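Some structures to go through are shown next.
First subunit A sits with subunit B, and in the next complex the same chain sits with subunit C.
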Partner chain A sequence: MTSRIAFVGAIIAVGCLPFAADQYVLYLATLTAIYLMIGFSLNLLLGYTGQISLGHAGFVAIGAYASAILTKHSGLGFGLTAAFGAGLAAAVGFLVGLPALKVRGYYLALVTLAFGEIIQVSIRQAKSLTGGNDGLNVVAPQIPGLALSRPHTTYYLLWVLALFSFLAVRNVVRGRTGRAFACIRDSEIAAQAVGISVTRYKLYAFTLSALLAGLAGAMYSILNQYIHPDDFDFSRSIAYLMMVVVGGLGTLAGSAIGAVLLAVLPEVLRRFQDYQELVFAVLLLGSIIFVPQGIIGLGRYLAR
Partner chain B sequence: MALLNVDQLSVTFGGLQAVNQLSFQVLPGHIHGLIGPNGAGKTTVFNVITRIYNPDSGRISLLDQNVLGLEPHEVAAAGITRTFQNVELFQNLSVLDNVLAGQHTRIRYGMVASAVGIRRVRQEEDRATREALQLLELVKLRSVASHAASSLPFGQQRMLELARAIAVRPKLLLLDEPAAGMNSRESAELSELLRMIRAKFGLGILLVEHDMRVVMNICDRVTVMQYGQKLFEGTPYEVRSSPEVIEAYLGKKRSSTPR
Partner chain C sequence: MLVQVIISGITSGAVYALIALGFVMIYKAAGVMNFAQGQIVTLGAYFAVTLRDHMEFSYAASFLSAIFATGLLGVVLERLLFRPLIKAHESSVIIATIATGIILENVIRLVWGSEFYPFKTPFGVTAIDVGFALVTPQELWIFGITTALVLLLYGYFEWTKHGLAMRAVAINQTGSALMGINVGRVFSASWGINSALGAAAGILFAPLLAVTPVMGNAVSTSAFAAAVLGGAKSLPGAIVGGLTLGVVENLVGFYVSTALKPLLSFTLIIAILMVRPTGLLGREEIKKV
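Entry: the complex of A and B
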């Protein structure tokens, strides 16, 4: 019941915010929608399936660059190019999932970290396509009848997308597939004993997670209309990790709290910009040690 | 036709011959005991049947299906599931979700269907939940259905594991020391429950157990293993009066007839 009230409250707040916010706050609020999708994506993998990813920014990058490059060269509509970016990220997610069938724990952390770095280096090197270290200007998408360059339209579009992502992920984690994910997280051997294919569901988790991250990346490119390899480097992957761990693993509300935190925190910390990553690291460690269930878990504990 | 047919099964780990030319059959509707001293290879037999280990040679079939051709996760759908000596639950899931997980292969909808939330998803989940609650009733855990599995005391965790295994609706249930750590009243209750499960669900049970009260009480037939080989097979009564079995468990007798 409380969660339903919170959900409706959040929807109303999101719906009304553009009428009260200035341009900059609106930008941060739009960014939050993107972080939300990335948070659901990583939570699906880490919180529900128990598979770590230290290279999640790599999936976001694939979605961002693939959709931006396709838009630039093909002139296809924004819906199609975003779908292409997400689809390509999903395909790569499937491939990254393959080694996850063999390795776990620290070794999986290393595999995904290496994946993120490979994407980084590839983007910086493939200058003719990606612009390399100069970054890439993104053509503002045109949807007939909607002037998407207006920040309000982007805001609502992304929040509607985030809402649909939420509903889809919530449905998946509540049902048979989500149970299979959680079974694999808790005991692979018991999962097999009840007939769950560990191979299949790990690959599902990686593919679905990468799909969402790629979609978020495509949205990021149209929000900023300029993308650069630095937007997807290792420190972003760690920031995403902080977001889901501090918010609360295995709960979607936790990811939402984490997303708001990740969008707002850099502003709060603007005066200490050089130390931003230090603060993230302290938050991450502090959360793991003192509130392993995240902010959501802490809230539930205090409410009892 | 035998429900389970284990034929000339051999398993080695490095130089250790864990199972050596073992053959036995479990008949439909039977509770079949698999006993023997520690290290006799009983759990290894379970691990081969559930495809965790590959044998060096031998055949295993369930009715007329070749079990050794299956992947580990296909064994459940083929009709065999198990419990574990040290209890392997999905600790962070609720008691109810553990039993729902047991129905994984019987719930008929996929990931895309659940993402878009078609009506069949709701119907299947409702049906599965009703069924799971009935199973929890059977093992007296219905009142704690919403609790986390990890919050249950160990004895109840065993019962939950049993309910999850039945939820698979197997033709053959492999139980690895279900009575370990139970007092005599609890093990008597367990015997009663296993008999009832067999009757209600029409399944065969292969039971590894050290608690002889349970074995003697409910088994139709007992295979005794020692050093990976079959030492003896017969009814509980025959096993109890076999000099070889007594020697394997207690050492050579000097005089007087053993009980």
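Entry: the complex of A and C
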């Protein structure tokens, strides 16, 4: 019951926010929606299926660059290019899922780390397409009837997408698929023994997770109208990890808390810019050692 | 020219091998893959540069003290951070070591700043002609120290009681504990040795690069790839992997493109794990239920 009240409260707050916020707060709130999608995406993989990804920013990068490049060269509508970005990320996610069938734990961490770095280096090298280290200006997309350059429209569009992502992921994890994911996370051998196709569900988890991350990337590119390889480097992947771990693995509410934290913390720490990464890392380490269940788990523990 | 390229490849390869050795040891004995390795390498170099250039230690004294200090830090890290995670899920340990690495890197930035410190080699820079190629004294020093350290480690594992305990723990933790081996102390020791090796690698490599907060990152990535190439659980494999990778990296950098160099390790990691997840020299692991 409390969670339902919290959910409705959050929706109302999100709906009303643009009327009370200035431009900058609105930007942060829009960014939160993107982080939310990335959080759901990573949580699906790490929290629900137990597959670690140290290169999640790579998927976000593919979505962002693919949609931006397609918009620039083809003049296709925004819906199509975003779908293309997300689809390409999903395809790559499927490919990254393939080694995950063979390797787990530490080795999977190495593979995903390597994946993220390969994407990073490739973007920097493919200058003619991606602009390399100069970054890439993103053409503001046009939707008939919706002027996306207006911050309010972007805000609502992204929050609607985030809401849809939430509902989609919640349906997946609450159903048969989610139980299969949890079983694979807890014991792959047991999963096989009860007839769960580990291959199928692992690939499913990777593909879906990459799809969401790619979609978030496409949204990121239109929100900022400029993308740079630095926006998708290893430290971003770690920031996303912090988001889901500190919020609470295996709970979507945890990812939401983490997303707000990830958007707001840099602002709180603005005067201490040099310490930002340090604070993230300390939070992450402290959370892993002292509160492995994250903020949500801590809350549940205190409520009991 | 080919010989020259191979020789400088072996130089970096020897450093990779040292780091990979520490990495493999900690993985075998404590079951932890240490993603903070690069930062430990960097820290070792910073300790040495500070002791020598700002506290006027001799090269030998700063080399040894820096190795000792970094080794001690490894033990402290194990006791404080990784002992509590002994029963935790692998993902948690991975995240913890990464977070530790980021913390170390940022602490380095806070203490020493972001500018780079040159680390002068004490042996002069005139290359020596060894007949088939030119070798700098620093390169010879790297070969020499690496060989000595590898022999030292071999002796430690083969002929000392502690080394035996470490091998036993690597094979079976519970069994070792029942035989009266202090498993916790073995974990600490493996972190200590690993960090000391990392520091040694950092100090050896410092004159070839410059000491910066990110100095160890690329080096340790190559060392990861080297360890994976050798099977991640095999000490001889780490040495073979390190040398092979060093040479291949240099050949690719020289004959194909330097831009490909950073990609090589990463592609190699994925390729090996796809084709042979246990590495070239590793044995298939059978998981008991």
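Rule of thumb we're sticking to: the second predicted complex is superposed on the first by the 304 of 304 C-alpha atoms of A that agree within 3 Å, B and C clash if a C-alpha of one lies under 4 Å from a C-alpha of the other, contacts with A are read in each partner's own complex, and residues count from 1 in each chain.
Keep this in mind: a contact is a pair of C-beta atoms (placed from the backbone, for glycine too) under 8 Å apart; a residue touches a chain by one contact, two chains touch by 3 or more.
These figures come from a predicted structure and were not determined experimentally.
Student: Could you say whether A:Phe7 touches subunit B, subunit C, both of them, or neither, answering first, second, both or neither?
Tutor: Touch status of A:Phe7: no partner.
Student: After the superposition on A, what does A:Tyr24 contact: first (subunit B), second (subunit C), both or neither?
Tutor: In the superposed model, A:Tyr24 contacts neither subunit B nor subunit C.
Student: Please indicate which partner A:Ile189 is in contact with in the superposed arrangement: first for subunit B, second for subunit C, both, or neither.
Tutor: both
Student: Counting only touches as set out at the top, which of subunit B and subunit C does A:Tyr204 meet: first, second, both, neither?
Tutor: Once the two structures are laid over each other on A, A:Tyr204 reaches subunit B alone.
Student: Go through the superposed model and pick first if A:Ala168 touches only subunit B, second if only subunit C, both, or neither.
Tutor: In the superposition, A:Ala168 contacts subunit B only.
Student: Could you figure out whether subunit B or subunit C reaches more residues of subunit A?
Tutor: In the superposed model, C touches more residues of subunit A.
Student: First (subunit B), second (subunit C), both or neither: which does A:Tyr226 touch?
Tutor: It touches nothing on subunit B or subunit C.
Student: Touching A:Phe272, do we find subunit B (first), subunit C (second), both, or neither?
Tutor: neither
Student: Kindly classify A:Tyr301 by the partners it touches after superposition: subunit B alone (first), subunit C alone (second), both, or neither?
Tutor: In the superposition, A:Tyr301 contacts neither subunit B nor subunit C.
Student: Jot down the residues of subunit A that show up as touching in both complexes, subunit B in one and subunit C in the other.
Tutor: 189
Student: Can you tell me which positions in subunit A touch subunit C when the two form their complex?
Tutor: Touch list, subunit A to subunit C: 46, 50, 52, 54, 98-99, 102-107, 109-111, 113-115, 117-118, 121-122, 125, 189, 235, 238, 241, 245, 274-275, 277-278, 280-282, 284-285, 288-289, 292.
Student: For the complex, which residues does subunit C have touching subunit A?
Tutor: 27, 33, 35, 81, 84-85, 88-92, 94-96, 98-100, 102-103, 106-107, 109-110, 221, 224, 228, 232, 259, 262-263, 265-267, 269-270, 273-274, 277, 287, 289
Student: Going by the contact rule at the top, pick out the subunit A residues touching subunit B in the complex.
Tutor: Checking each residue of subunit A against subunit B gives 167-169, 171-172, 174-180, 182-183, 185-187, 189-199, 204, 208, 250.
Student: Please output the residues of subunit B touching subunit A within their complex, sorted ascending.
Tutor: 50, 52, 71-77, 81-82, 84, 88-93, 97, 100-102, 104-105, 107, 109-111, 114-117, 121, 124-125, 164-165, 167-168
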